[in-house]
Structure formats: C-alpha cells, structure tokens
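In the two complexes that follow, chain A is the common piece, with chain B as its partner first and chain C second.
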Partner chain A sequence: MLMLQTLLSLAVALSPEEHLKRYDALMGPEKFEAVMVMVAHRDDDTTRTYQMKILKLGDDKVRIWFNAPASAKGQEMLRQGDNLWMYMPNIKKAVRLASRDNFQGGDFNNADVLRANLTKDFSVKLKDGAPPAGQVILDCAAKTPDASYDRIILWLDEKTSMPLKGEYYAASGKLLRSATFSDVKDFHGFKRPSRISMRNELATKRFSELAFVDYNLKVDPPPTKFVLDDLGR
Partner chain B sequence: MRGVWQLVRIALRNVVRNRRRSAITLVALGMAVCVLVFLRGAVNGLQAVLKERVIYGQTGVVQIHKRGFIANVKKSPLHFGFPAGPAMLAKVRAVEGVQAVTPRVAFATMVSVKDTTLFALGLGIDPVLEYDVCPQRRNDLSPGSTVSGGAADGLGVTTPELRDQLALKRGDELTLLAPDFDGTLNGGLVGVGGFLADNPAFSADKKLIFVPLAAAQALVRLDEQATELAVRSADPDAADALKQRLEAALGPGFEVHTWRELAKFAVDALSTQEKALGFVTGIFALVALFGILNTMLMIVLARTKEIGTMMAVGVRRRSILGLVVSEAAILGGLGAILGGALGVCAVLLAAKVGLSIKPPGATLPDIVRPFVSLAFVARAVIGAMIGAAIAAVYPAYRASRMTPIEALGAL
Partner chain C sequence: MLAPLFIALVIAAPVLPDEAPASAPVDAAAAPSGEDDMARAMREAAEAFGGGGTSETTSAAPQAVKAETEVYGYVMDRFTFGWVDLEALAASVDLPQITNLIEANVQLRRPLWSNAFIAADASAFFQQGGWFVMKDADGRRVSAVDHEVVQLLPSVVLSELYLSYSPVPNLNFLIGKRRVVWGAGFANNPTDLLNPPRDPTDPNLQRTGAIIGKIDVPTEYLTFSFAFAPQVLYTANGLPYQFLKYPSFAPRQTLIESAAYGTNRLFPDPRTDTDFHYIIAGRVYALVYDSDINLMYYFSNRYNDTFVNKSRVGLSFSRYFFKDYELHMEMLLTEGSQRYYVNGDCAREVADAIACFAAGTPLFDQTKLHSNTLYPRLLVGARTQFPDESLLTIEYLYVGDGYTPTEFRDFVRGLVLARQQGTSFAGGGQGGNAQGAIPTRFSFDPFRRHYLFITYSKPKIKDDFTASVVLLAGLEDLSGVIMPSFTWNALEWLNLQLSGFFPIRGIPVGQVEAQGKRYSEYSVFPYDARVFLEARAFY
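Then we have the complex of A and B:
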C-alpha cells in the first residue's frame, strides 16, 4: 500500500516535460508497424474511407502505404527528417509536401500522422488554471517552423499520460482542429488509444476518425525502407 | 414672341459689344466643357478596356454552373462538376444569342518542380474553344506561349510569379498534385508551354496555372465534365436577357450568372470611375458658374447708367432681368459649343493615337481609345446654357431692382 502511494505521488509529481515524453512514447514509439483506417466525414454527410499501413523507425523516419480506396491504392508517403514526400503511382513521381497540408483531404494534417512526436518540436508547460480531477493539461508552444501547429493544448490522464483530448491552434490564436482520443486497446501488450477523432473547427461539419486496427512494436524495419528510391517498389 | 426675339437680339449685341470680357468668359467656359468632354471620353475608353478584359479575357458574357456553385463558395468547385460533353455544348449553342461556349475545370493544386512545391489555382481550358469565348486570353500570353495537348502530352502556362518562384523555363515538366472531386490526392504531369504576360492588371490570383482541359479532367477525375461553361454572345449589354434564355433552356439544375455578377471587382471599378467623374464634373461646373456669376455682376455694374436709362424710358424690370439672363445663357451656350467641339476633336485625336494608361497593379500599360457620344456633348452644351442662365439670376435680379434715379445718379 505504501509502495502504491509512493508510486502515485511520483506520478503526480511528473513535470510537464516528462508527461510529454510519455505521451510521445505512447503515440509515436521508436519503431512500430500499424494498420490504420481513416474515415473522412464531409460537409455533405458523405464519408470516404482510407486504409493504410504505417511503418516507423527512430525519431524521424515514417512510411505509409495506402491500400484503399482504389483511387489512392499504390500511393505512398515518406517522412525523412523534416521532409515529407507523397509518391503518386500513376506518374511514378514523389512530390514534396508540407507538414501542415491536409492528410489525404481529411481533417488531420500530415504532421498529425507522420510527425507525432511533440517533444522535439514543442516547448511545454502546464496550462494555467486547475485541471479536471485526474487530468493534467499541457500547453505546448511550437519551437520550430516545421511543427505541426503553433500551439497545442493536450488533456492527459494524470497517471498514465494517455491523451484524452487536444486542441490545435494557429499562430493567430485561432482554433483549427480539436481531437478526442478514445478506445484504449491492448495491442500485443502495448496499450494506447485506438481511435482519434479530429474535428475541423473551420468547417465544423467536417471531421475525420483514425482507427488503429493493428499496432505492433515487435518489428525491425530496415533503414532502406525510408529512402526516396524505395518509393513505389 | 417678338419681345423675346428682341431681347435675344439685344443680348447678342451686348455680348459682341464687350468683346474682351465676352472672349475671356467664353474661353473659360469652353475650356471647362472641353475638359469635361475629354474626361468623359477617356473614362469611356478606360471602361471599355476594363469590360473587354473581363468579358473577353476571363468570364465570358455569362457563365453556367451547377446550381449552388456561387452560394457555396467555401466548397471545392469540384463538388459542382457536371457533364459537359458535345451534347451539353450543343444544347447551350442552340440558345438564341449564343455565339460560342467553352467548358472549364477550376481546381486547387500543388505544383511541384524538383524539391519545391507551391499551392496554386488551376484552370483547365479547352485549347480551341476557350479562345472563341475569350479571345483576349491570347493577348495575356507571352509571345510563343501555348496551352495545348491532352491529358498525356499537355502543355500549360503559369503566371510570372509561379514561374519566378519555381524557377521555371519553357519545356520543364511540372508535377501537379490535387485532390480529386472526392478529396483523394491524384498526380499529373504537365509540360511548361510558356507563361502569362507580365500584366496582371485584373487578375488577383498571382499563382495561377492554365492547363489543357483533358489534363485537368484527368487530374481531378472528372472525365468529360466541367465546373463551368463560359458563353459568348454578340451583345454583352444584353447579358441579362441571355441569362434568362439559358436558365429556361437548361432547367433548375443549373444557374447562370452574367459577367457583372461574376466580376464584382470590375463593376466596383466602373462605379468608382463614374463617381470620380461626377465629382470632377461638379467641381468644374461650380467654378464655371461662379465665373459666369462674376462676369454678369461686373457687366451689371458697368452698365448701371445704361440700365437706369432703359428704365427711365419705360423698359420693364422683367425685361431687364430677361436681358441679363439671356446674355448669360448666350455666353454659356457659345462657350459650351466651342468647348464641346474642341473636346470632341481632342477625343478623336486621342482615339487615333491611343492613350497609354497603366491601371493600378499592372506592370504594362493598356492602350485606351477614348470615345464620347454626341448625346453627352449635347447634354453638356444644354447644361452649360441652363447653368449660365441660373448663375445670372442674381446679377439680373440686382439689375432689375435698381431705380432709374439711383442708377443714373450712380455715375
């Protein structure tokens, strides 16, 4: 009991930086392979479903293969450091993209999916005011122009640093997107939210849901998978 | 009637009698009317250039869209694609007054060369039909530039800004990345067939790329479809009637907009020019009328004895008033006719030579050819006569209120 209390007090005493590191470890571990489904909900109440596989290695190497819909099949994305590329199979060319461009016309931006580690791009402090019980609110300010947003406010579980919701702001202070993280699942012994719902606050009828079908940390991706020449192969 | 004619004869004699004063007044009034006529002509010429650029360089006389297109400006134009094959074009051509029609696809795209990617607005145009509706587009191209080819071998043109930022040269290959009508990204290749001329006078879109219609349709996956049809007719001023005929022919699924509804900036520019001309006209009229007022006051003062004598021999006050007013109206009329004639000559000369005027934001001047209607000149002359007569009412009233003894004793 005493040991449990000690552990709890340690958790409570975590600094904002430590919370953010734990968030990064949950949302963008060092290496993993995952299968994701994104459903984009449009203004006209129609939806579009994208299926993809994502592979990550280290801090800054990510690759995505799109499998559906048919119009996106064969498309690939690659993150190499600060550079993002989109490979189009019909023209056999890769086009450089910006972190803040929309991810496949949905309501996530590219960095939300391919640049999920916030510690490198943001300085963090606790948000002023009292958080709801059992939660901690992080106020993250961009420290590099390549950061996905200018400011992010994250609501985390105080004990696990598991994200609950997020708000994503432009430099002007305008709220661009808001996210909710839900359905914590155990993927081969690794627990994390399996569903992220991102609402476009500029076009409030639009939102996109990203669901993780599988998430596997026990992979050893070769670095050769993260070079431009490998796109399309 | 005889009395009026006699009054006019005396007034005419008075105008001729004091030649120097009359000449100065005539020149002043004539200059004012001349400048006004010329300004009207120049503004007419400028407005004609603006309308031509908009109608024959961008919008066409009217445009056809799928219903909801204009009201939903925040939506991608690709949501409003509609079949625009030969059958649809034939249906539009069959409407009375339609001379030509061309399909277009408007889209947002990323344009990429090597490691640089920029956002741009794209417009897919039919390499043949487009110039039937908007022949001015040819003038917007720099020499040797062309939009040609199809989906696989298309050549497009970009604005100078896009050219400079991407360091483009003719023959380069551009990679276009655009969301299709459903939001899924698609890629396309287009060769650089040249550039728009460095004259963005009426184009607010600095990053713009024109590609062949087939290339745009393939890129955004809208086969045989368009987001708009641009239509040309013989008389742009009858655009409203054409709009009604087209709406009746196409049914409720479509909406038709005239160039005035589409190019609000041009309509605002025309309205601003009219207001500015109205203000300048007002100032000129005021200065000229004060000149007439002053001249007539001086005339009344100089002829005090003469007026006293006229009254002493029984000329009525009403006749004195009429005499002064008539004299001013004759001066005003003569000056305006002289000025109007000079103004028309200046307009004709400027039209022959062409005025080089650089609109705000443009890097190259437009050649403006002024023109003026005879109705405007006639209105200016009649207006000057009436204005001069009104300006002379006060001096005439003062003259008519003199008593013969006071008038004769004033000297």
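Then we have the complex of A and C:
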C-alpha cells in the first residue's frame, strides 16, 4: 500500500522545470496589465510609496508608468529583450538601466519587477534536503550573465506552484535579498499572490512591499507600446 | 499664435464616452481612518488608474486610460549668493551677487481620444537680484548702484506645448513645442541642434524644447523620424510671436535690447538677414545587438547659428557592457565652423587693434565659416551604479573646432582688448536664460578642444541625504568648475538642496598670456564662487 502511494505521488509530481514554468505563468503571464503599489521601508522607519501601472506582452516586453510620488510622476520604464530604460520627464529622454540596479531606490531590483521570467534565465533543480510538507524547494542557477541574481532558492506550494518565499544570492554565495509571497487574491478569475515583501539582507532594517491593486490578463497591447520612442507619449 | 489654441484645447477637451474609466474600483472608497501606508497607497492607486477588482464579479474588461487631465508640477525657490570676480573677462556689470528665483511650474496632459493627447509644461519665473559690484577709480571693489537687469525680469517659459496623435500604432504625428533629444550623452549632446542647451552640471534644469512638427514611424526594432523646426526669432512675455523670417520692421524686442545694450556689442547683431531660419532633421533609430543606435541628418539655414544651407550628420550609440557598465558615444560632423576667431595680428596691443580698425580688418571674424574641413564634436562616456547605489558618470568631449593654444591666446587677447575698450563678452558660463528657455545655473560654451565631465552621486548617505559632485574640466589648461551638492529628500514631495559652484583656474598649466597676465579658459567665468540654496516642492 505504501509503495503504491509512493508510486502514485511520483507519477503526479511535477519536475522542477515544470514547477518553474508554472511559477512563471503565475508571476509573469504572457500578457497582463496591472496596477501596483510599492512601499519602501527605510532604515529610519520612514516609508516611500510608489504607484504604478505595468503592462506586459510576451516574454520580454514590459512597460511601467509611475503615478506617485509627485517627484516620480511622468517617469516610465521599459524592458525590451535584455534592455531596460527609464524615461525621465525632466530631461525628456530615456536612460539605460542595468537589471541589477535598485528599482526606484527600493529593495527590489529592476529585474525583480521587469524580468519575472525565471525559466529563460535560470536552470533549475530540486534543492537538496527534505522540504516542508506540501512544499517544493527549487534551486535556480543563473545560466546567463544578464540574469538578475546568480542563484535563487524558491519555496513553492507543491500543488499549485504558488510561491511562498524566495532567497536571492550573489555569485559569492552571499544572501542579498529574501522575499515572502502572500495574500493570494482572485483577480478577475486569475489567482496569484497579491503581495510580495522583499527584505534587503545587506541592510536588514530595510524592506519593500509590492502589492497588486488590479491584475488583468484580458489585454492586447500593440508591440509599438514597447519601443523606445513611445516613452513619454 | 498656436499657444492660446492649445491652451483652450487643454481646458475644453471633452471626455469621450469610450474613454471613461471602467467600473468604479471596489477599493476606491473614502479613506478609512487608521489605514496604513500600503492600504492608503492601494486606494489612491485604484483611484488614479482605475481598477481594484479582485473578484470574479468585477468587470474583466481591460482598464481604459483615464481620460482626465493630469496636472502636476512643482514650486521652486532658489537663493543664490555669488562672489563676482571683477578681474574676469566676462561682463559683470549686470551680475547681482544675491539673487532669488521663484519658479511655479505646471505640467498638463490631456487625452483627446484613445490615440491622441495634448501636453504642456510651463513655468512662471519671478526673480530679484541686488548687490552689484564694480571697481572704483582706484581699482578698489565697491558696491555699484542697483539697477534693472533684463534677465531678472519676471518671465513665463513655455517649455512644451504639443499635440501628439497616432492614427495607427506605427505612425505618430507631433506638432507644437517639444524637447526632442536623440543623442545618448548626459552632460552634453553634440547632436542636439534643436533645443536650448542643457546645464551640464544638472541636465534636469533645462526642459525647454523647440517649435517642431515631427513624424515618427516606429517598428519593433527601428524608428524613422522626420522633423521640421522653424526658428523662433522673437518672443514676448515668454510666448513666441515671430517665426522663420525677421520682419521688415524693428520689433519691440529689438528696440528694447538696443536700448539696453546700445551699440556696445562685441559680435555683430545677427538680426539683419532676410533669410528663412529653419532646420530639417531625419533620424533612424535601431535596436541592434542590445545597442541603441541613432543615425541623424540635419539640413539647416541660419537655425540658431549663421550657417546657410548646411548639412550635418550625427551618430549616437549606447549599450550596457559587462552587466553594469553603460557605454555611450555621440558625434556630430560639421563642415566648417561658425566660431569667431580673433585676428592675432590685431590683438597683440591696443595699437594693433586700432590699426586694424582703421584698415577695416575685423578683430573677431568667422574665418572658418566656409571651410571645407570636417569638424567633429564627439562625446564618449560611461556610467555605472555601484552596490551601495552610488552612481558614477564619466564623459569626455572633443570639440573639433575648439581653439588651438594659439587661437585661444588670440581670443583671450581680443577679449582683454575689448574689455579695455568698454565692450565685454556677455558669456562665460554664468548661466541665465536663453531666449524662451528656463534659466540655468551654468551654461557650457566650450572654447577649447578637450573636456571631461565627471558626476558622482551617493544617495542615502544618511536618511534621505544625497551627496553629489560634478566636475567639468578643460583638459588643456586644467581649468574648470566643481560643483558639490547635498540634497535632502525631506518629504516625498519636498527636496532641499545646498550646492556650491567653484571655478578652478589657478593651475599653471596651458595658460595663455595677454598683456602680462596669465589666463585659463575659466578665467572668463565671472564668479569666484557661487552658493545655491534651493527648495523644490512637487505636487
């Protein structure tokens, strides 16, 4: 009986690659438009709040419009392929950004928000050791120098592949950031964690929270929304 | 002429029914008492963008863009103390040592229909200044009589006001006033022939564009752009009223300036021709191998310069290398130069200048205006962000038609002679406002060939304090300016900044001699030091 149960569980168990694909489908679907808020908690216990709208098309096209704070209003970010730009309304032009630069000075980096497709950038295996019950732990290693981190450990729900927490490492093995994913919500029939808390492990009093106000998969943006010359329009 | 029409459109544009926001966001209720930062931000974001649907019963239709006028901007107060250098070659008679500038800025954006919008960026400036200084008969530094300075009069700057319309995704029309920048440089854009120049010590300070009609044809990896810009020849109260061609009569502004400056001009008044003043630009942008590449072609006729029927080509490049290092390049090639060169034979002594004057030989002349030599202006730079979030930008600028050591020596001698004759050079980088543009703290008008810009910024040195330093150095005589600053982001909507501005000009390298004194390039700069205290409140 025990052997049968084991065989059955092995038969339905997903491979690490399949878990990662399901994670990508949840956290960065093919097309979506979302309204997000980021609250950055700083060392002095004060906060900075950013409001933004994000639009995604395909694997590698993302655009963000900032609405608040007032000093960031009019700023936009664009990802096309491995390229990131930020449009600065004060200088009326876009400047290139690196994936590993901090996202608006908070504790996410640009790739955390704009480059959420881990399958493309990471090879994956199960982490050694026994995971907590009902969970699976993925050990993701960067396979491209453009990846946002050199290693990511992800704790996922075994049944849904919904992320629970993550750890993000530098090439030296140093833990840079840790994340928790919570508050699963149903956005027009699409369920995903609506809140991500990212802690800066190098300055442990700092952390940033990203929350989704709305999340809509039924959008069909034209590719020309994701070209450099469209920024500022 | 167009401005009142645009403003009327901004105010009166109707909200089209199909642009109304989707169903009222479920979280957009009145602010509950005791809500935390995240809850408040989520409620405000839902109000701003629409949305907030988290149940299956909420409309799943894509959220339409909210068709309401977005209004934002800032109010800024900048107090400046500057110690005027009375030995400098640039004119100092109209330079107050204390000024206070208040800017009230408003930026508007109004969707007209789903693929068109109008936008505006306008500022009103109120300035006060005083404590003028001069030398008395014994050469002592004394206070001068307060007087009115044209540059300090209240003004309105219409930085941008344009209509953008995309009938199909691959076509965009733009008409109005807009700052269009294609080059990749930060401190300086050699290929920018359209706009008022930036302040290299803070490029954020200049947002003013040009009157332009532009067509963009974007595709996924290529964009083709065509633009036509007539030169604004006269403005009144910040609004342009004379384009393309000088009128046959003397406009009000000419009369005012003639009264202010008389005939005491070092260079000829350019407002005497009967030509059309315009520029036509074509540009191809390509995203190739993760690189931004722009090829530009300009054809101009007396557009912001004295070139007639002049073709110029430009190139810019930008890409990230080794993950974290952005490298960029920008170059403009021009045949001939519109720079004024000094006739060295006329500038040795006063007697030589008098002899040249008697013979009708000009002291300053555009001797290379019709030259067939190609003069490049090339900027190469790199930028990186370090793990502690500090940002470093280094750029080198080569100015092909810049003065050689001999030409610079003759130029300085010419300025010294002109000053002795009571005619001063109204420049030297002290900033100010180019016609119809935002007043800047510093203007960069390179005389020589090799320059270095270094900007280092370290945020969060303590709470929300950012320390920055900008160095602009002429590499031939090691003169330049250094500008340290401390910015405190005191509140989400309030920035306070203390900054200084110090010329470097005492290093005895590459200096030139004129009538027994040694000069470097920034000997022209008319301040020994400037200190700025600025508060900027966003709304």
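Some notes on this structure:
Methods note: the second predicted complex is superposed on the first by the 221 of 233 C-alpha atoms of A that agree within 3 Å, B and C clash if a C-alpha of one lies under 4 Å from a C-alpha of the other, contacts with A are read in each partner's own complex, and residues count from 1 in each chain.
As a convention for this text, contacts are C-beta pairs under 8 Å (C-beta built on N, C-alpha and C of every residue); 3 or more make two chains touch, one makes a residue touch a chain.
All figures in this text were calculated on a predicted structure; none of them were measured in a lab.
Superposition of the two structures on chain A shows chain C clashing with chain B. With both structures placed on the common chain, the touch criterion links A:188 to chain C but leaves chain B unconnected. Of the two partner chains placed by the overlay, only chain B lies in contact with A:75; chain C stays clear of it.
In the superposed model, A:86 makes contact with chain B only, not with chain C.
Of the two partners chain B and chain C, more residues of chain A are touched by C.
In the superposed pair of complexes, A:106 makes contact with chain B only, with no contact to chain C. In the superposition on chain A, A:44 makes contact with both chain B and chain C.
One listed stretch of chain B collides with chain C once both complexes sit on chain A; from 25-33, 43-51, 205-213 or 277-285, that stretch is 205-213. Across the two superposed structures, the residue set of chain A contacted by chain B and also by chain C is 42-44, 48, 50, 69, 71, 88, 90-91, 93, 95-96, 98, 101, 105. Only residues 25, 27, 37-38, 40-42, 44-46, 48-56, 58-63, 70, 72, 74, 107, 117, 164, 166, 169-170, 172, 179-181, 186, 198, 203-204, 207, 209, 216, 218-220, 223, 225, 285, 287, 290, 292, 318-320, 323-324, 326, 384-385, 389, 459-460, 463-464, 489, 492-493, 495, 538-539 of chain C touch chain A when the two sit together in their complex. Of all residues in chain A, only 40, 42-44, 48, 50, 69, 71-72, 75, 86, 88, 90-91, 93, 95-98, 101, 104-106, 203 touch chain B in the complex they form. Only residues 74-75, 79, 110, 112, 115-117, 175, 177, 179-180, 182-189, 221 of chain B touch chain A when the two sit together in their complex. Note for the complex: chain A touches chain C at residues 33, 35-37, 39, 42-44, 46-53, 67-71, 73-74, 80-83, 88-93, 95-96, 98-102, 105, 145-146, 185-189, 194, 209, 211, 213-214, 216, 218-220, 222-230, 233.
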